[in-house]
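What follows is chain A paired twice: with chain B in the first complex and chain C in the second.
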Partner chain A sequence: MRDWHVHVFTSTYTADVSGVCSAMYELGGMTILHDPDGCNSTYTTHDEPRWYGSKALMFVSGLDELTAVLGDDDVLINDVCAAAEDYKPRFITLCGSSIPHIIAFDFKGVAHLIEKKTGIPVLPVPTNGLRMYTVGVGMALREWIRRFADFSLKPEPKTINLLGVTPIDFSRQELVDAMKTAFEKRGLAVNAVGAMGESFEQLQKVCRASVNVVVSSAGLLPAKFLSDKAGIPFVEGTPIGSFMTDKIAEAVLQSEKDGQNCSVFDRGKYLAKAGNDEYAGAEKTNLIIIGEEVCSLSLAGAAEKVLGKDAVIRALFPDADEGIDEEALVDYINAADAVICDPLYRNAFGRSHAKLIPLPHEGYSGRIFRDDIPVFLGDGFDIKAFIMGM
Partner chain B sequence: MEASKDFQYIKDLDYVYRADIGLSYSSPCRGAWNIVHYGTLVPEGHQIYVCPVSCLRGVVLTTAELGFEAMKKLSTIAVGEDNILNGDLEEQVLHGAERIIETLEKRPRMVMIFTSCIHHFLAVNYQRVYKILREEYPDIDFIDCYMNPIMRRKTPPMPSLRRQILRVLKPAEKDKGQVSFIGNCFPMKEHCDLTNFLSRNNIRVSDLTTMKKYDEFKAMEHSCINFTFHNAAAWAGKDLELRLNQRWLVMRESYDYDTIDEDMRKAAEALELEPLSEAEIKKEREMTEAAVEKLKKTLGDVPVSVDDSAVDRPLELALYLLRHGFRVESVIMDVNSEPEEIFTALQKAKPELKIYAAHGWNMRRARTKFDGKIIGIGQKSAYLNDTSYFVNMTENAGLYGYAGIRHLMELIGEAAAEPKDMRTLIQQKGWNCHIEEGC
Partner chain C sequence: MFRIAIYGKGGIGKSTTAAALSCAFAEKGLRVLQVGCDPKADSTLYLHGGKRIPTILETLRKKRTQAELEDLVFEGCKGIMCAESGGPIPGLGCAGRGIAAAFEALDERNAFDILKPDVVLYDVLGDVVCGGFAMPIREGYAEQVYIVTSGENMAIYAAANIAMAVANFKERGYASLGGVILNRRDVPDEREKVETLCRDIESEIVADLPRDNMIAEAEKTGQPLMEAFPDSAFAKEIRRLADYILEHAPQSSDERGILYASADMEGKRAADRCDL
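The block that comes next holds the complex of A and B.
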């Protein structure tokens, strides 16, 4: 029987807590990670390229055994209030790791108490340290929008938001700018980016967009929320190269017209399901793309344009709860001609003859290959040259 | 200048000083070793971490940053919601460890299994798991290790690991010609008085930091004395003394000459060797004073700042430098673990010495550009003062005694002469931790 828990020689995607911190980083708040220790330095070292020299506020609560056993939430409340009094953040985000989860820490209740004491809005984001960063980014953005968005605003035509944007998936501002430029070139105004290179005030105007573009799966939760609450439809897709950007732009106009949510890739066609007990061996493929869900599926779509309709292209992406099953991963790599993935997967290639086409991803390898991340978004990215190694 | 929330003057502090209370800030200084770095020292060893992904992320990438070869010495088992609901954490550790061992290309001699906070809180019976594993794989030593920072006030992970790794050693015949240095991160070479003393008396030193083979490591059980140089190694020293009846001697990382002489004398007595003569000690002191004087002339009135990542006793070093006429601006530390007489003497020597809490939440915005040149002794002081003139070292870097002080003076002199790329250097994880192929 397969066991997704065991990783003999591969790394792990970053966790929900880092996702929360990353999404809230530039919005002028103070993020509190309720955890004994360790998750904070993991985030600031491996997941947060903006940390050095910055003044953004993120702290760990330093939960200890006695406080956890006694359920003494006053310790956290008093510590947060003390820091809030000094720093006077615009808002506070409260998330947590596995120990608060198993002792049933009341995020909502404690957030309410801190807010009452400080007068500062507090967002409860009940993460548990067991899930993927995409969940954390999504939960944090949804909570932020729920609390701060101006829902009285009316959508403006040909105006979009980009949701699910953090350095964990998109590393540098340069990549975000490439996305914005590509959409603007197609007559779509980018209203707000959730949340990288964006201001608190602009993100408050999120309801001005007629369509949300979910550029990574981290944006799905806030997109669904805005769809339900404000009637703004969403399009799933990452603008990788001109072809996929065109497809997204077309889908945006269609969604604006019919109000329907849609994806620009054929999920069923490209899906390489991992962590499935029923799974028995991998099909022979020409190309496997390993990485975040929406990016990988979009890249699969872009690759098909280059390799042709007959090419067998699959996307293997981590499950929000289980990550990627290492045994399935190895099977897929062994059965592929080429693999687009983070270079840190190299150890999983073993005796495989598949060609590794490196596409570093901070969500997987952190800062190790940060300088090698290409601007894979927008019109400037030549997918053919990337795949063919030209 | 008034003391602020960023720092306190030493005159205003109590001797019992702990700054790790309240919200904690994560400094970008990464040179200090963590448990992953220390675990990689074990030749032919393999580390298995069993934790939620939020904890695994840090250990895996710590290893990955050491290179692909290092990745072969570490595996992980992710704890999921299903394990919490099913209550199968013991089975998970057992079956996960089995699969890892069977999959590895090379059979490890030691497997260190690190359980985490969640195992502690769910009362997992991991000893039962290790018992089964030991029966299944009698050729492998299984060690219970802990990455449970929730217990850090009682059993911090680093001292715990330094003890646990040595738990494989068994009572054995003692060799009077062999001693061990235990609980170090770095080899103690020519800048350690004890190494020089043992060398001239043909006593062999067994030290994990220099080993290539597991059998060398196991041979530590034959040492007649274990020497420790750091507080974090104390549990290991005590444990071996109780279990193996190996004598434990503490070599205090002191800048007080009498203390150094006393510890060296105890070492000589324990080994039944002739201690350093009065003339030799006098010469050592004179050479050391000359080195300090030389540095003082070089630095002039340029101030220094000291932190607890570079040396175990930042207050004592500050006192030593002040007494030799240096201008000591600040000390950065989280916990005061130094003798009270040092603290009191320092209060008298410089009442307005600034003490910064390294990880206090108020440090996030405390970073200041020092007005003029300042020398940082350690990464935290370099970052806080935003200076490129700093000594890049951690955990005393293999220095001990007079030779250690002299080399430290050289390092400070070099730091003052040549600026370094502070931003790059301080963010590298695990200063001077290297993995060699096949170890």
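The block that comes next holds the complex of A and C.
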């Protein structure tokens, strides 16, 4: 395993702490980011499109050096209790950045103490600020479901949840609505969306679904938790265009029948090897897709339907810890005819003649290209026109 | 599953006690996991014939996320599963954070669900000096703390500090104090001094381990004392301590009954399983 990755001209993906805040934004809680503040403003300026349009209780603890070194948790505990007294949130989420991680801050223990003092449920989400948003979204949703879901509910047939849904991947509510409409058109009722455009009460009924659809890798942790704890199987896939939505709908019915977890894409076929011992240079491809894992693999499946089975299509997605290996990224871009990626990747094209097909991703370029994000989900998305530029 | 942590001043005999306890539990037919939480990584030395096992942190440094559970946990004498957290290069890095990272690595690989130990022993370096060294007593890890001390003043001060930390952390849902293990150095009025400590920290002496040269003799052979001198006075007292610990597992623990059932039904089989 290589333990070095050089990043010269690529950006970083949104961090796990922003993922936590994003997942919890609409559920009526108060989120505490335990951190010295400062560069966490990127959450509000780049990662959270809802920030200026609606209210949410997001706080940074303002951890300072002496408090960290002395392990003086009372500072945080007292501040959170005071804020809870003022705002009376329904629940509190406690996550942290790299400094609490390095001093082995006791998320669970402090959550116990705050809960005892305030009587408000506190969810410990031990992020470290070093991993991708998908991890933060996943951990936060899993903890929320563990604490608040009604596990006495029985699954109802042809009913699904959409897991891993936040603006970091799906930017606008319009895109989430497109997903819901596409599934409902195929006779699948959308029970709950974790967590965008969703209420606390509806998400509590998450166990009413017979199958969970993991529409981004951020949904994998809660889906695995619900699979283990409540026996609800999951299907991995993003409903990009009619073809992939059909495939997901079929897989949902199959999973409902046999209880097995599955993916609607052939991971082994589309996976671009990069940044590990197996990487030995990029292969020549007709199309390379760069972006979040489940979306990229699903888009690869959708693109194959248009380009034909002989087309060489690969998905290159970031590792939650290491990001995307830049050497492999450049190799793949140089060896591709076309690349679907966030426009911020243009820096990596150099003298490559590959065609860049822009698909902005809030988790990579933040708000820069937000207005240019197409509604790439559901039946209204014409994948052929998107790829061919028609 | 029942989990305990062994704390005490450096050099007081924690690893010897922990390894002997692991052997005593294994003799009862229980599946045992011993986790050394010390950069020196010598907790499980004599459960592996005097040879060191690769530490979790050095394996993570080499293999990162590709390290599998079998790269981190190794079977030793009497079928005891052993792991050593390890630590940074002496004088560099952060040992406490290292223990936390090692624990996270075991969690991420679902170690407890896969290995299914009946008893887990955390053998922790010295005092509870920072967050990392408190990891073994946090929620989800040890349920009870046992402190090893002699009658020497410095050992007693350390024991008092550890007991205070355990009491301070009680509100957070941490482990409770199980008792004090007297490991004799044969200083004057030794038992009386430790009894005074116990009164101060509202605990009791749960074992009185004799000073025994057989321990050093056993180390020369690379064997744990329980294997080399199973009939020694030290070994007998350790078996009595193992019984005490099982009997005093938290009342709320569902596993308490299972522990007894396992110990009763499979009692003698582990004695024959030593690889050495």
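Everything that follows uses one rule, which is that the second predicted complex is superposed on the first by the 380 of 390 C-alpha atoms of A that agree within 3 Å, B and C clash if a C-alpha of one lies under 4 Å from a C-alpha of the other, contacts with A are read in each partner's own complex, and residues count from 1 in each chain.
Note that contacts are C-beta pairs under 8 Å (C-beta built on N, C-alpha and C of every residue); 3 or more make two chains touch, one makes a residue touch a chain.
Keep in mind the model is a prediction, meaning the values are calculated, not measured.
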>> What does the overlay on chain A give for chain B and chain C, a clash or a fit?
In response: fit
> Where does A:129 make contact in the superposed view: on chain B (first), on chain C (second), on both, or on neither?
Replying inline: first
>> Taking the superposition on A as described, I'd like to know which of chain B and chain C A:102 touches: first, second, both or neither.
In response: both
> Does chain C touch more residues of chain A than chain B does, or is it the other way round?
Replying inline: B
> Now for A:42: first (chain B), second (chain C), both, or neither, which partner does it touch?
Replying inline: first
> With the two structures laid over each other on chain A, which partner does A:149 touch: chain B (first), chain C (second), both, or neither?
Replying inline: neither
> Touching A:59 in the superposition: chain B (first), chain C (second), both, neither?
Replying inline: first
>> Just checking: does A:112 make contact with chain B only, chain C only, both, or neither of them? Give me first, second, both or neither.
In response: second
>> Between chain B and chain C, whom does A:321 touch in the aligned arrangement: first, second, both, or neither?
In response: both
>> For A:21 in the superposed arrangement: first (chain B), second (chain C), both or neither?
In response: neither
> In Å, how small is the closest CA gap from chain B to chain C once the two complexes are overlaid?
Replying inline: 6
>> From the superposed pair, tell me which chain A residues show up as contacts to chain B and also as contacts to chain C.
In response: 3, 102-103, 321
> Inside the complex, what are the residues of chain A that reach chain B?
Replying inline: 3-9, 11-18, 32, 35-47, 51-53, 55, 57-66, 68, 79-80, 82-83, 86-87, 97-99, 102-103, 128-132, 321-323, 344, 346-347, 365-366, 368
> In their shared complex, at which residues does chain B touch chain A?
Replying inline: 5, 20-26, 28, 30, 52-58, 60-61, 64-65, 68, 71-72, 75-81, 83-84, 92, 95-96, 99-100, 103-104, 116-118, 120-122, 147-154, 361-362, 364-365, 367, 423, 427, 429
> In their complex, what parts of chain A are in touch with chain C?
Replying inline: 1, 3, 71, 102-106, 108-110, 112-113, 116, 321
> In their complex, what parts of chain C are in touch with chain A?
Replying inline: 61-66, 94, 96-97, 99-100, 130-132, 134-135, 138-140, 169, 171-174
